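Note that the chains are named A, B, C and D in the order they appear, and that numbering of residues resets to 1 at the start of each chain.
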Amino acid sequence: MLAMIDLGPHAAYIWGSYGAVALVLAALVAWLWFDGRRQRRLLAELESRGVRRRSDRG
Amino acid sequence: MQLFVANLVVARGGRTIIDDLTFDVAGGEALLLTGRNGAGKTTLIRALAGYLRPIAGSVRLDGFDPERDVREACHYVGHLDANKASLSVMENVAFWQGYLGDGGSGTAAGDALWAALERFGLDALADIPAAYLSAGQKRRLSLCRLLVARRPLWLLDEPSVSLDAASTVLLADVIGEHVAAGGIVIAATHLPLGLGAARELRLGEQVAMS
Amino acid sequence: MSGFMRLLRRDLLLAWREGGALGTALGFYLVVVALMPLGLGPDLNLLSRIASGILWVALLLAALLSLPRIFETDADDGALDVMALGTLPLELVAGAKSLAHWISTGIPLAIMAPVLGVLLNLEVRAYPLLFATMLAGTPAISFLGAIGAALTIRARRGGLLLALLVLPLYVPTLIFGITAINAALLSPDGFAASFLILSAISLVSVVLGPIAAAAALRTQME
Amino acid sequence: MQNQSITQRLANPTRFMQLTDWLMPLTAAIAVVVIAAGLYLALFVAPPDYQQGETVKIMFIHVPSAWLGMMGYLMIAISSFGLLVFRHPLADVSAKAAAPIGAAFTLLALITGSLWGKPMWGTYWVWDARLTSVLILFFLYLGLMALRSALDDESLAAKQAAVLGLVGVVILPIIKFSVDWWNTLHQPASVVKLDGPAIHSSILVPLLVNAVGFSILFLALHMKAMRNEVLRRRVKALRLAEVERAAKRERTAAAPAE
């Protein structure tokens, strides 16, 4: 569908702009997502244990 | 194994700190360096570890691979802890284990690591970055490397600084075990470490004041 | 795993965890490059002509800023003393740390350079040349810089002194880096000679830098 | 306690976490829908500009990005004020969380702007007042983040960053009026004007829809970043507690021995 629209001689710049926005926002979302998961994991680890022993590690 | 120090002369900043010192320590012996401030305890230890080049005299370690440098037989614990704040407790010890040790196999190395952490009461903090630790805990963390990498000659400069009474006893135990296993410990300290059988070397008397 | 790889991995891990240092170097690079047109005026033809020179000089300054990190923290917390007792010779300790600096700072700065070229209206065909010369030239910056970093560990006003000691060492890299780009822009076959000299400078630095740095480290441990 | 103001209720991090637990995904979903609509209007419905041709399509993402780059900084400035004056417990979390997001939008404004500039002006970048001032805004963001990362003490970092954040707010009017004060290549404001917008509604509507969508997205991202920051501080507190506990265990273990 997108290929059907004719953006004239400067199409590369237009797609480049939209692509850059998509890329940067995707990177931002991915970073926030993984950071959130990491913090949750650390929090769960800290909350779940009293004293950790080496046997937990295997 | 025996450490021979013969006619050692060490200068620092143009001043002769250690003048013609001769002594020897056999395996299974602990030597306590005592003396007032500035008597040259730190200087002697750093000279034995090879950081300072003596002006004269020799340091020889019999019973150690003659192909290898004496420094590879040494553990040095100085005033600074050599821990990285952003690495976790375990990462810190694991790095020194691999770097100073002979790179033993995976499981055995892992066991030794956990045993050292447990010994010094840090196993519950294994995943915590070292930045969070108190001064005493940081000190114990740096002492862990004595246990994870096997080296015969321990050079300890004020090892009990910022340790509480219980941890000092623990350190004395660890030193005692190393000596009992045939190792050599040379420790500079103001505090009595509770090492009953240790010999004492009083520095400062023989040094000519300038 | 050898001690060299362990040390390299640890230094890269530390650089990653304490990412602020790289961010500051990249930010500094960006700001210095952005200041040039403000001082020279917005004449795009002029900027285009001197772009590669500005990018190279600013890269040197940004890298210079991050050099103390190679040894300073390890000297301050006593880790360097302990490292000296390893089976790894001190030369290779210095080598591993310089290599870590190149990977964690030199390469990101080189990658950043073409991006900043946009601000200076750099010719499009100069982009790959710029990146290639910087990739070939930045090892010299890290490995020669390590000498200065090792010499100034215990110096007062170490940072300023470091600049004074190290920037002259960077002159050959700078000259041949820029000569290579200009030669390539003027004639297609003018690139090779300068680029080879640039690479040779880096290779020599990789060998000499750690030896000199290790000598400096030994002296400062006394 | 029924008539607490919304800011008071939000002031409690636990309440904030409960609230944003459902509000954040909802906001994100709305943002996706609005942006999808905006993109549809921008790409398929909006006509080409009689001067700029199809490149005007870049405006639909360039202008919202630029607005949000500035909005993000305004958010930081207000949060900084809230921290320094009212000691609001979440103010610093908000300021810290807004910085990377604002920086990302500012970066997007710069990237899309230069991609628009190439076909329009023949060059990716010119050193005119508007572009330069937006670049300085980007530097401000970088400076704020660098300052925080350089300070280990979190409460000190919060105050120092707040001072810098408030000082830097002067850049916002400079950006806004740069096109009016200095005669530059960059076109003057055409949407926000006292006598009404100067552009046709067929272009204005997609632009506004996108601007609203991007703003909602900004809010969602900001909420998520704040949640992460609250969690990060909990992790930090728990780690400190863990260290404390270990120290206490030793003391009690040592006591009978002596």
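Quick note on the criterion: a contact is a pair of C-beta atoms (placed from the backbone, for glycine too) under 8 Å apart; a residue touches a chain by one contact, two chains touch by 3 or more.
The shown structure was predicted, so the numbers you read here are calculated from the model rather than taken from an experiment.
Peer 1: Quickly list, by label, the chains bordering both subunit B and subunit C.
Peer 2: D
Peer 1: Mean of the CA atoms for each chain, then the mean for all of them together: which chain is nearest?
Peer 2: C
Peer 1: Of the chain pairs C-D and A-D, which one is connected by the greater count of C-beta contacts?
Peer 2: Output for the comparison: A-D.
Peer 1: Based on the averaged CA atom positions, which chain is farthest from subunit B?
Peer 2: D
Peer 1: As a quick test, compute the distance in whole Å between the mean CA positions of subunit A and subunit C.
Peer 2: 31
Peer 1: Measuring centre to centre with CA averages, how many angstrom lie between subunit A and subunit B?
Peer 2: Inter-chain centre distance comes to 47 Å.
Peer 1: Averaged over CA atoms, how far is the centre of subunit A from the centre of subunit D? Could you give it in whole Å?
Peer 2: 17
Peer 1: In subunit A, which residues are in touch with two or more of the other chains?
Peer 2: 51
Peer 1: Two or more other chains touching the same residue: where does that happen in subunit D?
Peer 2: If we look for residues of subunit D contacting two or more partner chains, we find 239, 242, 249.
Peer 1: Residues of subunit B that contact two or more other chains, please.
Peer 2: 124
Peer 1: In their complex, what parts of subunit C are in touch with subunit D?
Peer 2: On the subunit C side, the touching residues are 19-20, 23-24, 27, 30-31, 34, 37-38, 41-42, 44, 118-121.
Peer 1: Within the complex, which stretch of subunit A touches subunit D?
Peer 2: Those in contact with subunit D are residues 2, 5-11, 13-14, 16-18, 20-21, 24-25, 27-29, 31-33, 35-36, 39-40, 42-43, 46-47, 51.
Peer 1: With touch defined as at the start, can you tell me which subunit D residues reach subunit B in the complex?
Peer 2: 152, 239-240, 242-243, 245-247, 249-250, 253-254, 257-258
Peer 1: In their shared complex, at which residues does subunit D touch subunit C?
Peer 2: Interface residues on the subunit D side: 114, 123-128, 132, 135, 139, 142-143, 145-146, 149-150.
Peer 1: Using the touch rule from the top, collect the residues of subunit B that touch subunit C in their complex.
Peer 2: That would be residues 12, 46, 49-53, 68, 71-72, 74-76, 78-84, 86-87, 91, 95-96, 98-100, 103, 145 of subunit B.
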